[in-house]
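The structure's right below; bear with me while I get my questions together.
Letters A, B and C mark the chains as written, and numbering starts fresh at 1 in each.
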Amino acid sequence: MMNLSPQSKDALKTEEYWINMGPQHPSTHGVLRLVMRLDGETVLEVVPHLGYIHRSMERMCEWDVYPQLVHLTDRMDYLSAMMTNWAYVQVVEKSMGLVVPERAEYIRVMVAELNRLSSHAMWFGAYCMDLGAASAFFYGFREREIVVDLFETLCGQRLTYHYVRIGGVSKDLTEDFVPRVLDICETFKRAVDEYEALVSGNVIFQQRTKGIGVLSAEKAISYGCGGAVLRGSGVKFDLRKNEPYSVYDRFEFDVPVGKNGDCFDRYQVRLEEMRQSVRILEQAVKQIPGGPSMADVKAIRPPKGEYYARLETARGDMGVYFVSQGGTKPYRMKFRSACFSNLSCLPEISAGWKLADVVSILGSLDVVIPDIDR
Amino acid sequence: MPASPQPFVLSAFVVQLLLHPGAALSGTVGPALKGLLLGLGLGDTGYNAVVALLCFVVMSGFVTVTALVLTLAERKVAAYFQNRKGPNRVGPWGLLQPIADVVKLLQKEDTVPRAADRPIFLLAPFIGMIATYMVLAVIPFDQGLSVTDLDLGVLYITAVSGLGVLSILMAGWSSANKYSLLGGLRSAAQIVSYELSPALVVLSVVLFSGTLSVQAIVEKQSAQWNLWHMGPMGVLGMLIYLTAGTAEINRAPFDLPEAESELTAGYHTEYSGMRFSMFQLAEFMNMFIIAALTVTLFLGGWQPLGLLRFLGVPGYVWFFGKTTGVMFVIMWFRWTFPRVRVDQLMKLEWKILLPLSFINLVLVALWAAAGVGK
Amino acid sequence: MGLFIWIRDIATGFGSLLVGMGVTIKEFFSKDVTQQYPDERWRMADRFRGRVDLPLDPLSGAHKCTLCMMCVRACPNDSLEIVQSKGPDGKTRVLDKYIYKLGTCTLCELCVEACNFDAIRMNHDYEMATYDRQELTLILNEPATRPR
């Protein structure tokens, strides 16, 4: 009689093996290579390999003058391009002490919140598709399309907006902008309810996301995570409330926080953020003043020194740091990308889960790889 | 006096073929063919051989046409769930799309990986088709219209439907690819587990109807379909059967073996061209079989519904109508729900569906013993 | 008690699945959002940034470009190049070739914003794919024999 219990010498032995979820993969949200060590279905170690879309943007920033660098930031976190533009522009204005007209500030807030809505709608679609519910992908994209159409009317492009510039915004609002924003608010209120009905209560979805990939609050802070990843773990920190920039202190909105730090909490936080963005938009539309949309800017020559500013993009905490030597071109430009820090916690929180859970966890972290590789 | 009775007899035969094909084939065509073969000197065995060959040809034609139509139907139904149109370029409403797909698959290169286990690799798709054909042989499309009517029809179906797992295991193992192996193993565990609940549910129907022959089970539903004749156990049984059946055919939400977002096509990754289409064919025909079996066991097979029998609609129209309805529900499942993880899948079967099917069996036994249905 | 919880869990789980199915069947019967391209084409917004274009002035029939080179300096990645030549009178400079490298252009519109003479604009062209990389280098101006 063979004794097949794990301790005996006849026990069935399993071997660990390495598997590669290659750079081209339907679920890695860009070109991310995950090399995993598995024992059967259980993941023991995940090693992300980056750099497949490295375009040396920080080096490119040393060749051009400051106004010419804004369009590069579009292509980093392309799903929140408006906010990435703004992050860069904000630090240059801060270095020069440039005052942006109030109307431009309001316009920036509105386009940033609209961008957050479209980014989260797309994230929702992609996340559900990763988990297998293919129809939800189309519903998310249908909503995103409405916002992107509005941006096309406003600035001319659907993804790489190049709209928020040093000193303000490049073009003033069109006449149909405000009515369309109010339509978008109504659409998104209904849409988020539809997403909740379709997915949140679904027992299969809950089993795939509840309790999976738990990130404790201390770990989240020590890895430097931001955005929904941090708030999902219970840390109530949002740059728009804790370090208000621009005119965010004039709006009333809540910061949703999760309890357990699992995938389901991060998902709920993002859905709730969509509702809060709608609230901000409705208030901004009422409060927006008239006036110029661009400051009268001559040459952009930040004084010698080092400057840093950060901003809450759809993915987290984006910072821009640059060193100026008084000229028209920066000496060194560094982008502190939100997704890089968010991804850094992946090896720790996915160890011990199954292969299917790694997909779920990676989706819930909402990473955009071009932001990591720049 | 009419000129000759031949056209009258011929048209009467055609009408009988359309309205009661089973009676026409066994009453008119069968004896005529037997007479012809006796005249040619072939005895009983010759007759059986010719009939078997004819049935095979007809069933092959049926399988091919159905599978092709189902590929298009799946895409159109998926598209309508997703607010889009699906194929509509090739022919009106995309009706010639399957032909375009077949032509495309035929002209693809037939690749066999160098490290693959060649005989098993080449044989795997056909084993799946064999299992499919074997089950189709006993499904009654109309009164007397089935390839054969075994006295142990239900037992035969339960035995043969597990053969499909062989083809998946063979494909997964022989592909020399870690992803395929993972997919094949997952699928083997899944199919073998999900054989049990349908078997118990089918047993409850057999208990209620008092016969193992599939044709007899349908004939006993002439007054009332099993769905309500068996009381609430009919509904419970049908739901269990439908769920377990969807799991047995590897369809979402249980399609881990082919989970695109994790394993990029799983066990049939390495197949191309016509071999790949064999797997697709087997999958669609399995869906048809599960739907047909659900209809046969619970929804009255080819029996009309109550008073609607007086419309004179032939039995096979009822059968295909009901089967189409059930197939639509199976597709509805696929495009709504996220995928279930492997261990949750096992938990669903062993901890939920199996106990429920035991309870169902006991309740049906009590129901039948109380004299209902006699 | 455990049995009751088990049954209740199954029932609520099943109910949640039905709610999800209700949402999708509602979408099944809603209007689709597809556009039958290429039969129906999207009409771009006015401000749409397609690619750079050097239009002819309807009044004078010539390009408005004054060869000030502001667009060439504004472009962040050298996608524009202007080749000048001597005019018919041998003294003035005229536009010979306005070379636009669509392959490296990021459609950022900085050149259009830099031009003070309204000579270039972004048009609404979005079907710009070609089979040959050489076709991506466009010469935007009309022949150099046109007077300035």
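One rule holds in what follows: contacts are C-beta pairs under 8 Å (C-beta built on N, C-alpha and C of every residue); 3 or more make two chains touch, one makes a residue touch a chain.
These numbers come from a predicted model, not from an experiment.
A count of contacting C-beta pairs for B-C and for A-C identifies A-C as the more extensively joined pair.
Core chain by CA centroid proximity to the global CA centroid: A. Distance between chain centres (mean CA atoms), chain A to chain B: 46 Å.
Centre-to-centre separation between chain B and chain C, using Cα means, comes to 51 Å.
Centroid to centroid, with C-alpha atoms defining each point, chain A and chain C lie 25 Å apart.
Residues of chain A in contact with at least two other chains: 135, 139, 142, 198-199, 202, 204.
Those residues of chain B in touch with two or more other chains are numbered 81-84, 335-337. Residue positions of chain C touching 2 or more other chains: 17, 20, 23-24, 27, 33.
By the touch rule above, chain A contacts chain C in their complex via residues 64, 67-72, 75, 135, 139, 142, 145, 149, 152-157, 160, 162, 170-171, 174, 194, 197-199, 201-204.
Only residues 78, 81-84, 178-179, 182, 252-253, 255-256, 259-262, 264, 335-344 of chain B touch chain A when the two sit together in their complex. Residue ranges of chain B in contact with chain C, taken from their complex: 79-85, 332-333, 335-337, 352, 356. Touching chain B in their complex are the following residues of chain A: 17, 19, 25-27, 41, 128-135, 137-139, 142, 198-199, 202, 204-205, 207-208, 354-357, 359. Across the complex, chain C meets chain B through its residues 10, 17, 20-21, 23-25, 27-28, 30-34.
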